[in-house]
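Read the structure below first, then the notes.
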Amino acid sequence: MNKPDPHVAEPNPPVTDPLPYADLDLERAARRGYPEAVFCAGKTPAQVAGIAATVRSRPDVITLFTRAAPEHAAAVLGELPDALHDAGAGLLAWPPVPPPATGGLVVIAAAGTSDLPVAREAELTARFLGRRTELIADVGVAGLHRILGHLDLLRRARVVVVAAGMDGALPSVVAGLIAAPVVALPTSVGYGAAFGGLAPLLSMLNACAPGVAVVNIDNGYGAGHLAAQIAAGAPA
Amino acid sequence: MNKPDPHVAEPNPPVTDPLPYADLDLERAARRGYPEAVFCAGKTPAQVAGIAATVRSRPDVITLFTRAAPEHAAAVLGELPDALHDAGAGLLAWPPVPPPATGGLVVIAAAGTSDLPVAREAELTARFLGRRTELIADVGVAGLHRILGHLDLLRRARVVVVAAGMDGALPSVVAGLIAAPVVALPTSVGYGAAFGGLAPLLSMLNACAPGVAVVNIDNGYGAGHLAAQIAAGAPA
Amino acid sequence: MNKPDPHVAEPNPPVTDPLPYADLDLERAARRGYPEAVFCAGKTPAQVAGIAATVRSRPDVITLFTRAAPEHAAAVLGELPDALHDAGAGLLAWPPVPPPATGGLVVIAAAGTSDLPVAREAELTARFLGRRTELIADVGVAGLHRILGHLDLLRRARVVVVAAGMDGALPSVVAGLIAAPVVALPTSVGYGAAFGGLAPLLSMLNACAPGVAVVNIDNGYGAGHLAAQIAAGAPA
Amino acid sequence: MNKPDPHVAEPNPPVTDPLPYADLDLERAARRGYPEAVFCAGKTPAQVAGIAATVRSRPDVITLFTRAAPEHAAAVLGELPDALHDAGAGLLAWPPVPPPATGGLVVIAAAGTSDLPVAREAELTARFLGRRTELIADVGVAGLHRILGHLDLLRRARVVVVAAGMDGALPSVVAGLIAAPVVALPTSVGYGAAFGGLAPLLSMLNACAPGVAVVNIDNGYGAGHLAAQIAAGAPA
Amino acid sequence: MNKPDPHVAEPNPPVTDPLPYADLDLERAARRGYPEAVFCAGKTPAQVAGIAATVRSRPDVITLFTRAAPEHAAAVLGELPDALHDAGAGLLAWPPVPPPATGGLVVIAAAGTSDLPVAREAELTARFLGRRTELIADVGVAGLHRILGHLDLLRRARVVVVAAGMDGALPSVVAGLIAAPVVALPTSVGYGAAFGGLAPLLSMLNACAPGVAVVNIDNGYGAGHLAAQIAAGAPA
Amino acid sequence: MNKPDPHVAEPNPPVTDPLPYADLDLERAARRGYPEAVFCAGKTPAQVAGIAATVRSRPDVITLFTRAAPEHAAAVLGELPDALHDAGAGLLAWPPVPPPATGGLVVIAAAGTSDLPVAREAELTARFLGRRTELIADVGVAGLHRILGHLDLLRRARVVVVAAGMDGALPSVVAGLIAAPVVALPTSVGYGAAFGGLAPLLSMLNACAPGVAVVNIDNGYGAGHLAAQIAAGAPA
Amino acid sequence: MNKPDPHVAEPNPPVTDPLPYADLDLERAARRGYPEAVFCAGKTPAQVAGIAATVRSRPDVITLFTRAAPEHAAAVLGELPDALHDAGAGLLAWPPVPPPATGGLVVIAAAGTSDLPVAREAELTARFLGRRTELIADVGVAGLHRILGHLDLLRRARVVVVAAGMDGALPSVVAGLIAAPVVALPTSVGYGAAFGGLAPLLSMLNACAPGVAVVNIDNGYGAGHLAAQIAAGAPA
Amino acid sequence: MNKPDPHVAEPNPPVTDPLPYADLDLERAARRGYPEAVFCAGKTPAQVAGIAATVRSRPDVITLFTRAAPEHAAAVLGELPDALHDAGAGLLAWPPVPPPATGGLVVIAAAGTSDLPVAREAELTARFLGRRTELIADVGVAGLHRILGHLDLLRRARVVVVAAGMDGALPSVVAGLIAAPVVALPTSVGYGAAFGGLAPLLSMLNACAPGVAVVNIDNGYGAGHLAAQIAAGAPA
């Protein structure tokens, strides 16, 4: 690259305080009750590192880094070496220990093994926002005995997150079995007419059982956050 | 309307032999083993009446009239007064008595009451193509005990047609419970993000249980025809 | 219509016990904690009347009739003359008095006046499932002072249902202001590239603030049901 | 990666018994009559290897591994070195010998050479589920004499699987020529307005000849499974 | 309606010369070789009448009125009582006699009876633009013998227009049989996943046989115009 | 309708002050410089009448009523008998006289006669927001001489609104000829693959000439408002 | 890969005569008047090499290889070293010399420089099918003087192929200027709401000037083939 | 590659004058008031280098190169070493100094950090077309205080460009707060149901506040160009 005119082009500005490219909302935990998360996709590793360096001064606020590719994770870990990192889920958390659990139980059910990374993102999010969690895997409707075998656990939950790709049929089935709300988490697992998760997304939006709250495709963070809010101990 | 130049415009030609607007395939029963059906949508009542008049000379071949609006039905019944007419299913059959049943049992399951007209179209088609049929209604996955209560019947079937709108989850569940193939029949029941049946169609194409054969939205005739072929007694 | 062969076609069967076209789940209130609703769209008035006649023997269970066109409403009121009927929302409830309210407060916010019928469907559903409700109207983001003027009420809610068409921007804004979860209810209000509610649906699924639970387009019943579950007093 | 807190993050758990990430349904062959298949896409090679290690103790049940990328195939072959592997079809089978053939003949027709990998996946699936198979290639409708030259073979089949991309016209043509049902297998062969297989998928769903059972785009496994069920010898 | 301020609102201006709402291109026949057509959809009957009154002074130029609903047709016939009117095709032509035919033969093939109105629109357009035409009906691929029975006629054509809905498979088959180009005319005949003609449109765009020229759904006028240009006698 | 419980259902509340269903933003003219418009679609005539009654006390603020069906227009005219009403454009304005014109010239070009109602909505909006306007009609690109004949007028404009359906090609052509920005207004004129205005919308979004500002399909009000803002201040 | 059971898996069969994976239609030139082309995408290089080896014995028939990636081109050139290869267009031709030109002139117009590879594919195809060709580049509508500067050439053509991406506006403009038919060739040039060529495809299907024949996105081969047929000297 | 027949294939022609592959419109600055930009995507680096070499003789006209991948940038810098290059925005400008600023202020607001590259493309374009610019970042609606904190700056602007992905809600909010027009710039930031920027695009087209001008997804160049045109002349 040639030397830019300093008055015109500064595409990769150095880390400064305040950051010129991000307006961190560190008071959000106080205002909304939940801390902000840093969405890494689309940010440069340098930008993510800058943000990580900034939050280091605030160990009182848990920061989650979501959709972190390996280069993003390396940038975070360079600044916050003890951060928790779940590579499959693309998630980092710092400080690395979740707060003491309060509120109701959050159960996460993954229809297939391939849905696990997104389900884990949901579980870790809910846990770092202060909830107890349980995860059950490979309980899709093609073998109905699998989900029915977990009915007791499902009925103990204050909210159940159900991650499923392909036909997205599991949330309807679970919602029909329990009194608690279901957070339906469509995944991009599948091919062809799954259209990148469109098929399970539409299924879930049209669930024939009421009580199904849908989030974006592969949005494990959003599902976990929503579940944590629903399972919070007392009216907010 | 003004008087058209006879050499140029004849939009509604009179009934003649052969018909100028249709090439009836009355030998199809001999060639393919199944008679032709007359798709009424898009035809004028006069055209349908002309076809009905033509088939009257062939009581040896059962003719089905599908997607018949009331004006089409009236046109058929004007020529074939004893034709069977199921108004909800938009279907007429003549001669009005199905042939003696052969082959395996065809079970039709309708997820909701609103799916019944399409399910009936499938059932009547299979019956007039020579199969025994059973229809069960309102067995959607929101109350799983309903479909599980019919497991014995489902397992006796050579093929099961499953009609469902909204989330289209029922075929996956049924296919996971039985050895026979499932004909998945998406319906336009629903609203909003059901997008006229797109949602259940995609669900069914992405069924997580194998053994699911999908047909067009609201295509009860096609589902019944396919089921009749699958349940035929001997290799064709 | 001609006289059908009684062994073949019975498209409009008489009301019987049990109903041949519906498998009412009157025990659902006991099993799931919430009663079943009757989705009227796609059912004939005669079928709806048959269902209404059946539930009359169970005044201990509240039954909601949703998506009721005038002919459906007349059918219900013929059997249950004292049923509550909100014509704009297409909803009937019987018995017509909601149960005593328990749990947290449900606030419903409608972005525009045109979103009111769907917002009312959500409010009435939540009320008949046992929650206190408050409805605020015409608080879209084009005049931000309108929603900000209700901040105290929004922060007292255990859950906020936000109905919006067009750009569907209001749920993101509300979710960013409060700790409670938001149920985002896209409506078909709009035209052109709103594509029947697709635009607000996608906006809501992509809300940049977490804590947004999306339901189907115009699904006021589902939004109200979900809100009632979230605001229930104790873990279910 | 940093060392995770053992109580929080275990994204790649070791292989254990039972597997924490999969609930194998090895009794499915007994229950449904057909064994389970392992969908490799979205699973890590380690997970696939764990599953392969588990099924090694059950040579009485044939296991198929579908959508296996080279790294998945290597993982399977590391545990089951004698597994059959068709790299083009992305399929592995173990034990590597199909069962003795029963039931009717399954014919697979591929419209073009580019459709062959998916057609092979269908053929191998049907063969490993116990059917005789024949495969014919490059018989698209642009040269009608090609498919017409195989009419005798097509009419001997109990079911014909037709794989086609682009215009997806071949299933309609074949269905119009034979009495047996057609399993229409759309492929992603094509470009531009083929939209990844959407064009042939829609064609097949709208086949003007009845008797066409559609499966998902590129779903050779599903097509072969369905064909095997249809061609099974006796009512299941 | 109230009395508008004459300086502000004139929604339905009276017929004047020149017309304030249309800029007729009566010299187009000289410039392009083909006359202009008046697209009636979206115009008020008064506007169509105004245009008809204007063209009356130019009997040397043939004017076609397309997509004419009954009220449009009445407006035209009020001004041009001897205009030819094909109500099914929604077409009027004035003067009502086509010019002497030149150039090659245009054959129009309609896959089904329901495709006839659009096929007639194509035929009449080509005829009024100066070509000889032949129309064959109900020759869809479900009964391949029907189209094959017309092979001699098809091979005499300079261009063949093929109208088809549903799977849109006929143009591929025809193009594979002849040397002349095929104008593929998708129709909105069908339902469900035909999506208003999208399915045959995509099929035709992906025709596996080259030599297929696609026009808009139900655009019989455009197909006939294009065919007339292709079959013109000499390089233009 | 039965008598509703007054504590539960008030679907059609009487007109009160303040209105329970609308939060009029009559100060918006002061705050934003432009008055609010009332979007009538989806509102009941009674609600529209209530709003009209309320604005009657504020003749200092011009109120536009957009997307007014005949019943909405009657409701407005019942309260504001001297309101200007353009039925084709679905627009009413009160007081009925536009303010004195300031700023630059707004030219509106309609590609076809069928685009005129939407183009008129844009023109009237811009005029009532205080701009001079000129409207030219039937200048689509199929006869390029028509738009080129207006080049002088186009180049005098501070902004040009271009309304077009079908291929939506006119905005690209106009933008390539002038220095001023173009507001591209796609219309739903067309059929088939126009998909209700999607085709021209996409064309305009992909205009190969820069300087094209796109608004929603058929959004004449939005186009006129945007043009008024762009042309505010001083002639360019 | 492990050693397959020879009776089960032969995914990459050796080159044999006849080829097991392709049914070459070398008589097509005699039957249809135009030779077959080999679509390379989706074929393995070994398969393409096998086909190239086969056609070597038939230098009397020109064979085109389309959509040839570098590995396909290498495979062809290994068997047919003197084949003509245009890498940008992904096209090979053998024998490498086009036949003597007959028929009318084919003009190809590319809207932008980025459309040139596809335009070249069209030009070479038309030339190898026996037509004279002229190519003009960078004549998009953003600078209308560019296309108008070529009006003489355009009017000498028997058919004009117009390749354009983005707004796809050029075919409408060209069709409005000439008497000859236009083959509209949408390209995937663009981004965002061009949706891979969908935007220009829809524009072209909705061209407001008649006489526009649309082919698939990026289908230079199809456009060139169609143009060659249209410009053929005499009825075929 | 083999040696092509010089009369047939010249896919990569050498740089000549005039260029055979591009028709540069260097007089456009005089005609339209703004210089032409070179869209690099889809051009070969050699073509881009050829264009860069040509413009070197015209330092009186500023040339922008947009959507420049690293290889395009290297090609430009090889010919114009002192060109300004903003790698993140994919933009080069030569001569590298913007003209003196005239007209009104252009403010660019980026909803998130990930939207910055596109926002920078808009800012640099507006600056090189002669406007003063200010850029504010990370002001999305999830934390409303962030955008409200910049209200003074926003109200000083003649036009505001708002770049946002995901829900695309920010333009509606900004447009509701100011009198100036808003250029809404949807970005592809997001995942799942953002569908590559479709979600914010639809939101912006349906903005509930008028005064929103939408451009293509990720079209920073177009947004900046449009803003420069709107802000031309005098401060509003």
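First chain written, first letter: the chains are A, B, C, D, E, F, G and H, and each begins at residue 1.
Note that a residue touches a chain if its C-beta (ideal position, glycine included) is under 8 Å from a C-beta of that chain, and two chains touch if they have at least 3 such contacts.
Fair warning: this is a prediction, and the values are worked out from it, not measured in the lab.
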If a chain touches chain B and chain C alike, it appears here: A
Chain pair repeating G-H, as identified from D-E, E-G or B-C when over half of the contact pairs by residue number coincide: B-C
Rounded Å distance, chain A centre to chain B centre (Cα mean): 45
Inter-centroid spacing, chain H versus chain F (mean Cα positions, whole Å): 28
Chain centre separation in whole Å, for chain F relative to chain B (CA means): 47
Overlap residues in chain H, where contacts from two or more other chains coincide: 112, 142-143, 165, 176-177, 192-194, 198, 201, 205-206, 216-217
Chain-to-chain touches, reported pairwise for every pair that qualifies: A-B, A-C, A-D, A-H, B-C, B-D, B-E, C-F, C-H, D-E, D-G, E-F, E-G, F-G, F-H, G-H
Sites on chain A touched by chain C in the complex: 32-34, 37, 104-105, 155-158, 176-181, 183, 201, 205-206, 210-217, 221-222, 225-226, 229-230, 232, 235-236
Chain A residues within the chain H interface of the complex: 1-2, 4-5, 8-9, 11-12, 20-23, 25, 28, 39, 41-44, 47, 67, 186, 188, 196-198, 201, 216-219
Chain A residues touching chain D - in the complex, by the definition given at the top: 73, 77, 81-89, 96-98, 112-117, 120, 124, 127, 137-139, 142-143, 146, 165, 189, 191-194
Chain G residues touching chain F - in the complex, by the definition given at the top: 111-112, 140-144, 165-169, 172-173, 175-177, 190, 192-195, 198-200, 202-209
